[in-house]
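Below are the structure tokens for one structure; questions will follow.
When the chains are written out, they are named A, B, C, D, E, F, G, H, I and J in that same order, and each has its own residue count from 1.
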Amino acid sequence: MLYMVEMIVQIPHSLDPALVAQIKQDEKEYSQKLQREGKWRHIWRVVGEYANVSIFDVQSNDELHGLLSGLPLFPYMQIKVRPLANHPSSIVQE
Amino acid sequence: MLYMVEMIVQIPHSLDPALVAQIKQDEKEYSQKLQREGKWRHIWRVVGEYANVSIFDVQSNDELHGLLSGLPLFPYMQIKVRPLANHPSSIVQE
Amino acid sequence: MLYMVEMIVQIPHSLDPALVAQIKQDEKEYSQKLQREGKWRHIWRVVGEYANVSIFDVQSNDELHGLLSGLPLFPYMQIKVRPLANHPSSIVQE
Amino acid sequence: MLYMVEMIVQIPHSLDPALVAQIKQDEKEYSQKLQREGKWRHIWRVVGEYANVSIFDVQSNDELHGLLSGLPLFPYMQIKVRPLANHPSSIVQE
Amino acid sequence: MLYMVEMIVQIPHSLDPALVAQIKQDEKEYSQKLQREGKWRHIWRVVGEYANVSIFDVQSNDELHGLLSGLPLFPYMQIKVRPLANHPSSIVQE
Amino acid sequence: MLYMVEMIVQIPHSLDPALVAQIKQDEKEYSQKLQREGKWRHIWRVVGEYANVSIFDVQSNDELHGLLSGLPLFPYMQIKVRPLANHPSSIVQE
Amino acid sequence: MLYMVEMIVQIPHSLDPALVAQIKQDEKEYSQKLQREGKWRHIWRVVGEYANVSIFDVQSNDELHGLLSGLPLFPYMQIKVRPLANHPSSIVQE
Amino acid sequence: MLYMVEMIVQIPHSLDPALVAQIKQDEKEYSQKLQREGKWRHIWRVVGEYANVSIFDVQSNDELHGLLSGLPLFPYMQIKVRPLANHPSSIVQE
Amino acid sequence: MLYMVEMIVQIPHSLDPALVAQIKQDEKEYSQKLQREGKWRHIWRVVGEYANVSIFDVQSNDELHGLLSGLPLFPYMQIKVRPLANHPSSIVQE
Amino acid sequence: MLYMVEMIVQIPHSLDPALVAQIKQDEKEYSQKLQREGKWRHIWRVVGEYANVSIFDVQSNDELHGLLSGLPLFPYMQIKVRPLANHPSSIVQE
């Protein structure tokens, strides 16, 4: 089941740079693991913004919330989730 | 080059149903041709809305505008385009 | 799986009253069938508005979109869908 | 009498973690007590957000404000309240 | 129990003037009856707008929705309802 | 002359609690004095929010601004003022 | 007493051109009469828009609403009114 | 003097196609004349929208309003004007 | 040439009170000098807000930006500028 | 390929002034280098705001994001990017 997830990252300027670097590293590993598992199907950078647009493929709303709220950057993110369905014109029906 | 395109369709209720059906048919053919050509990479339905979220892969802004303004449903659409770039965490670099 | 769905109804004043009455009747029957099936778990009126807030319990995004886009009033609705998950404080875990 | 209450939680990053943990614990107990009393009828997590959507069943506006402003997390919340009424299509009339 | 109700009136220009005059007359009588009954406690004109701000005093959400959806001008109104409670600083406690 | 004034209070979490308590006390006395003088005609709590909706009855814009900017909580408030006039349907003409 | 009034004009395209011309003429006369009386102190065109920003000088909210709702173009206007007061830095105190 | 002007075009679907074609032709000639005169310095299409972003170089606000309100498409446009000034980092100072 | 300038002042609560008092004093002198020179034609207080609406009369966009960015309070302001033109109904043509 | 980029700068008041001055200097050099290379084609100041509107001419979305995210002021900016295409009325076709 597919969801479009938009994530805007806003890290407080006052946060310790070393901590920030660690969180970002953890975030990258966390994300790439899910990508390899096929759950985080796409992640693209929105040009000009510290934000991404992603497509998740998971079994349920609860699974998605678990994955998102587990993001190391979650406390510093504004996230908007939109559930997606098959489009009648799509030549790929999931 | 990737772009996220959000399309909300608002067909006036007063439009002749036969004309609407024809436009929708043309739209489907137009879209599927571009999907087969790899330019319209993804099209998903936003659940609950007469709207879609799509990912286009084209060579330039001008090419994208040509494709979008050529949509049979273009006169009845609100379209928002966001250019995408490779995300440093993505395991797929275009 | 639960979703919160907000529906604002805007029927054009110019629509034939008899047609409107029929659509509303169909809508009621359509809704009550889904309620009896447990898919449309709650439907409440937003005080002062021709709008409702509903809780759906379905198996997938696609199922939900099928149900919503099949609503007789769908062409005259603004719909916003928010996927819900279990809340850690809830004494009812689905 | 039913109300839909949307709560977005924004805890300042600078707050002492131990204090935060205590407040969250108090919040959970406070909420579960009201749920057992039937006043806080539903609480769902909005997927991807530190926010919930809840349905309260209370006797008056004043009672509701008392319950909400008494939430341990109240100082860190954005709350929107919408009064609900019976929907003519609902197969459950309160 | 008190509610603040904001009503913006938007009558289509195409509506028959005689019908409009009749609806407005019915609206005035409907409103003044409720005012005399003490349910529609205040109604003020928002300067410069075809809109009013009103204070209702009713027993329940359902009663309020019944009164509002029964307004002759209801089909041509945008209504926003905010439940009110006693303010700790008010020298009048309801 | 009547004005509707909406006040949203946002006190920084970092402010000294003793100072906050003092300001709130001063605010209450300030408000109740104006209420007794008939200038602050109504003050209601917006359910679920640290906000109020008030009706002021003063002689001029300048007088209203003087009263509002003199509020002890003024530095921590978002205030929106809407001038009100007599409504043709009101059974009370000021 | 001063008020800033912003007026956006939206005349339906379907309105009879002769009627529109007449209304505009009436509007100009109406406005210039009030300007000569000193009530409509300033009227400026917002560059690029069929809109104006005006400063009114009247005795009360009710007087202002009477003047605005009497505008021939009133049915085709979106109006926003903001009450103004003397600014402590102004070298002109009204 | 430079201004950024954003123009969104919304032509009613009900307008006679021949009239629309004529207006568009007039608009093109009107625009190209001003471009050749150096007043309409840039005009770009916003990708995916029936809208443009333009840079005007004129002597005054009044001149700009005259040019914009004279656009054949003016009645069907939403226009937003932002005055521009020299940027301290710009290697071109006007 | 006239411009309407709306200025909302948001001084951080943490700023040293003595510094704030000095900045405000400088702001008043800066403003009154420009008023006497006829450049800052009007400055009014928006009732209930730490904000003003002003009318500037300057020769160019660049001059206006110089004046505004030179305001002692500029770092603590949200400013919106709208260029104004002569209104055809105005009995005063600049 | 052209893009319109709007940049609003919000530097925290608490940042060390010397650091701020250095960042601004780096920003100016960074920008002017790109201007000389023809990538940053235009940069204009939005009157009254610490913001600019710029036109970039680059080969791809990725190149643009690299340039923008490399801005010394990037961490303190809100950036909005809109891809531009040739306008059919433009006398300059890129």
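The working rule: contacts are C-beta pairs under 8 Å (C-beta built on N, C-alpha and C of every residue); 3 or more make two chains touch, one makes a residue touch a chain.
It should be emphasised that the depicted structure is a prediction, and the values quoted were computed from it without experimental measurement.
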{"item": "For subunit B and subunit F, chains touching each", "value": "none"}
{"item": "Option in I-J, A-D or C-D whose residue-number contact pairs overlap H-J by over half", "value": "C-D"}
{"item": "Geometric centre distance via CA averages, subunit G-subunit C, whole Å", "value": "43"}
{"item": "Distance between the centres, which are taken as Cα means, of subunit H and subunit A, whole angstrom", "value": "39"}
{"item": "Subunit B and subunit H: spacing of chain centres that average the CA atoms, whole Å", "value": "27"}
{"item": "Residues of subunit B engaged with two or more neighbouring chains", "value": "2-3, 14, 45, 47, 61, 64-65, 81-86"}
{"item": "Chains grouped in pairs wherever the two touch, ordered by label", "value": "A-B, A-C, A-D, A-J, B-C, B-H, B-J, C-D, C-E, D-E, D-F, E-F, E-G, F-G, F-I, G-H, G-I, H-I, H-J, I-J"}
{"item": "Residues of subunit A that touch subunit B when the two form their complex", "value": "2, 4, 27-28, 31-32, 35-36, 42-47, 52-53, 55, 82-92"}
{"item": "Residues of subunit G defined as touching subunit H within the complex", "value": "13-14, 45, 47-50"}
{"item": "Subunit F partner contacts - residues on subunit D that touch it in the complex", "value": "3, 5, 12, 14-15, 61, 64-65, 68-69, 75-76, 79-81"}
{"item": "Touching residues (chain side subunit B, partner subunit J) in the complex", "value": "1-3, 60-62, 64-66, 81-86"}
